[in-house]
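Just passing along the structure, written as structure tokens.
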């Protein structure tokens, strides 16, 4: 740890601080610059509250040289993680195994989910997504079909063999998710820092967790949330960039931060996927943003595909039609060949 | 609800949409502008998914004329809410009752919390704050004293009679908080959209909930989170502005959004307080930001006050010393007199 | 124009407003919803100050149905613009003509700029970039070589035939830029709303203007700045996404907003290019972000390539080496083939 | 300057860097931490490009210990600057002299500006504001009355004796501003980094410059822009917080960053004022935000006051009525007494 002292700090206060640090059994080395003094701390710096240090009036800044990311850190684990699905349904994610996760935003009916599942499978998807529990900003909005929706997902899985990805919102549903052998448990952007949930996902299961970046979450926070799961015992985490909240709100719901893909890939061995549907909120932007995500090096994408091709109302929805999706998959495949 | 149609929309698609809306038993009125068609919808518009409508290719925008905030809405409840403490410890919040909530960030020891409690009471505080369960971005950081810390808070309460405000992080601790008669349950910025927790706080208790704005939460989201608690049965919610995440990160931890105070006061009857300590992260900014919050019309403030006046290291910490706090309270009182 | 009236507005005030609007020779149509009144205005709404209307206490919102973008609007000009270089140096931008603009951040010496020019040309670049006038946040920092740097760029152009792209910072240098037949005049992010400069670029020349998005500029503002140039007579504008300012500042200088590419392409016929070097500030992120920009549909890229391959210090700089650039160009070409 | 080396850097590269730095006549001191090496540089570090250093692959971060702010720095000039108006019209700003700047957004007519000038003077204003040249995002919007508006301002000044504050947009108008003895020249948010303009304002005049923070400008950038003026010869700069661009856009135009006031006051000796009218865009928020600005320690405020009390349409406009303003001034005065 390196502590920069403000130039106006009195020698007395600096000595006071050095003594306090030495008392914590740290070795303190002083470097006197032309204008400023710097203290280098050697030893177990966990005993020092970095925020407290920073807030001292004589301290200008504190730099931590130890790694804040441990389990997820690529330095500790240089190879890409490859996650295998736990219930023998085959698909893998990471290390060259591209995840093509597709399906409707919400499960609406047996016909709908089974129809879409078959369509996306035919187009090349290797995972089926679909929401049974929906996080809604308003308590007065539709909250999803719940357990009945999960059952319909199981039926669609049985019909196609596709492993399923669905969101867990409430801790009390975790048992149900495990009993129903949900293949990948998704944690939504509002729960990225719900440490209660994250800890239990670490303790109770080895099922892969698809962890979305927070609504305005930093890259660091996303990794630290992954650490909450991993430090508690479940190393199978998939990170998902899904757009961040910025001042630009006129033409897309969020700003898709594609540089997060290579940045995360350099920091961690975990797979990194992208959700262009929620990021943009506009179906017409999904194909170009999907291809950009692939070019940026993503390990997979999760896109919304909706049925109802006969209903003209769906033309412009956030979701792609199965036909649009099939066209997109062909382009993804060509792109991946070229980039390989 | 008013739906603006894009100028290039075909008449056929507009008719298709009008029929679809009529089928939902809505009255559809068409207004044909010079360049654009607008549809006005009358009836129960809850049956229509606004997001879906917006995403149609022929739709430019959708405006909802119904109120999204219900229980918290000042229109439905023009008078300021006045919240009484449930366990007979006297202090009230709202409607002219100013909340002066002070105490250390974390409970550290019996001596510390009791000492600070007495000091802030002597200075004029009417609530004691102190964290027993601490939300930390990293799983490797100190997570607070937990239940032992709660016990120490009870002792400090017994010694002073001050009602206590402390953060609930985990649902499984709610019973303990209720049994220990915690006077005000604080929900931190990372849990503002933890709907699981919010619902239970609505169902299981009438204890006042101090709800902090999310790390990068909108004013709308804060109110909708209050709705989650209120719609489930607990109308005693206190809103708290605590700084928002912006691009400006060089000199303060967050950007304190004081205009949120008059905006919230115009939208809702709930009390609105301000946390200048977490917003700025710098003790030297706390006094001026506290006074600004009072001038902006806040119903109270929650500030960090730490003991340890003998330790010179604390000069510049995020927390005020008891002496600084006492000086600040005198200024607050003068300010409130003048503004009354 | 559509004006939404607040539900609590008195009938008297609404009538007052309607009269005021009618007096401006607008036809006012009233639509009475269940909860709210809406006014539709037909006629020349330019005579009404939209901001003033919005700020009336009885007005909830105002929607403008007329197009704010005129000259740049794709609706008025559905085909992609193709910009030809004015001085007969051949390269074109837009409508399938991909711009590969490369070169050093700053012109440093004759050897440097001529060496890099030849290297990037050999790798496939069709434009040479290089800064002679550098915008610096601090007045105490190096401000570029100035006119001497321009001369060196002309020499590099003479040696290679590559058209040159360089930044104009000051109005008083415009004559010099025109006399020296600078092929593309770049306007930097700090000058995107320097209307003085934009107007003159519209009046005095037909040379293509490479207009960068502001430091925290919206897509609308970028287009309106293009309008300032176009409305004054110069339709040859190239838009450039170069990263926006967001709360995420730990791993890259800015957040590259690649969804701006398809959004801009849908709104305007002007060419849209991407600057991954300034957006990220990290050479290791430039290749993946360049490929992502191509996949997102950009009409070109502008990247920093620096000489000095012998100096190991340059490994990780923001600039690519000529060799890295050559490798990248090959990938871009393959990608463009596949996406065609 | 302190350079943190990445833990994985090879010794060879570190030696290479040390040699390169020594060759620049810097003294290089090495501090070897447990996990990381740190280099301290002593001497004239201006010869090193900090950005280049940062981008080296072996460098983790670079901290500059020299002061980036020079002329504006409070360390060099501990006393508050007190700015006197240059043309003998009396009012001062800074060091306890509170600036109460009021007037309409735009000059509209002789009657309007003279009427408002008299009203705000009677209420206690000591400066008159009014825009003759208006910066507009769109080239198709009204751009102000121009020189004719300036003339009307002069008449209002003659009628009241109030010094005037008005915006300079274009360099070519500077002579006119100086000839007409404009008392305070305002530089708007879009021109905060128009270095061309800033340099000339430094070279050509000693008239006080009211410099607004950029649309999404940092505190550092605002100070550096002041340096551009001061380093070129004009030390009379007034800084103005006017709201910043954030994700919160539903209820106010910008987010007023009041913590910028005490932060700027600690960093610089220049006066700091606040513009609550442009920050919020809502007249109903102006009084509370004005009082909050005063409580935060501002040296003045600049608010919009509009005539037209007879026209009911103006009730809710961004501007205060003269009567509202007079009420507000009384509160400001009381507040200042209490805070003194």
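Should a chain be cited, it is by its letter among A, B, C and D, assigned in written order, with residues numbered from 1 in that chain.
The working rule: a contact is a pair of C-beta atoms (placed from the backbone, for glycine too) under 8 Å apart; a residue touches a chain by one contact, two chains touch by 3 or more.
No experiment lies behind these values; they were computed from the predicted model shown.
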Between A-D and B-D, the pair joined by more C-beta contacts: B-D
Pair in A-C, B-C or A-B that repeats C-D, with over half of contact pairs matching by residue number: A-B
Geometric centre distance via CA averages, chain B-chain A, whole Å: 26
Whole-Å gap between the CA centroids of chain A and chain D: 39
Between chain D and chain B, distance of the C-alpha-averaged centres to the nearest whole Å: 31
Multi-partner residues of chain C (at least 2 other chains): 216, 220, 245-247, 284
List of chain A residues in touch with chain C within their complex: 216, 218-220, 244, 246-248, 250-252, 255-263, 266-267, 279-280, 284-285, 288-289, 291-297, 331, 334-335, 337-339
Contact footprint of chain D on chain A as seen in their complex: 2, 4, 7-8, 29, 31, 33-36, 38, 40, 42-43, 61, 63, 65-66, 75, 216, 245-247, 249
Complex interface listing, chain B residues touching chain A: 13, 16-17, 20, 46, 49, 51-52, 55-59, 68, 70, 135, 137-140, 142, 169-172, 190-191, 193-196, 199, 214-217, 220-221, 224, 227-228, 231-232, 245, 281-284, 312-313, 315-318
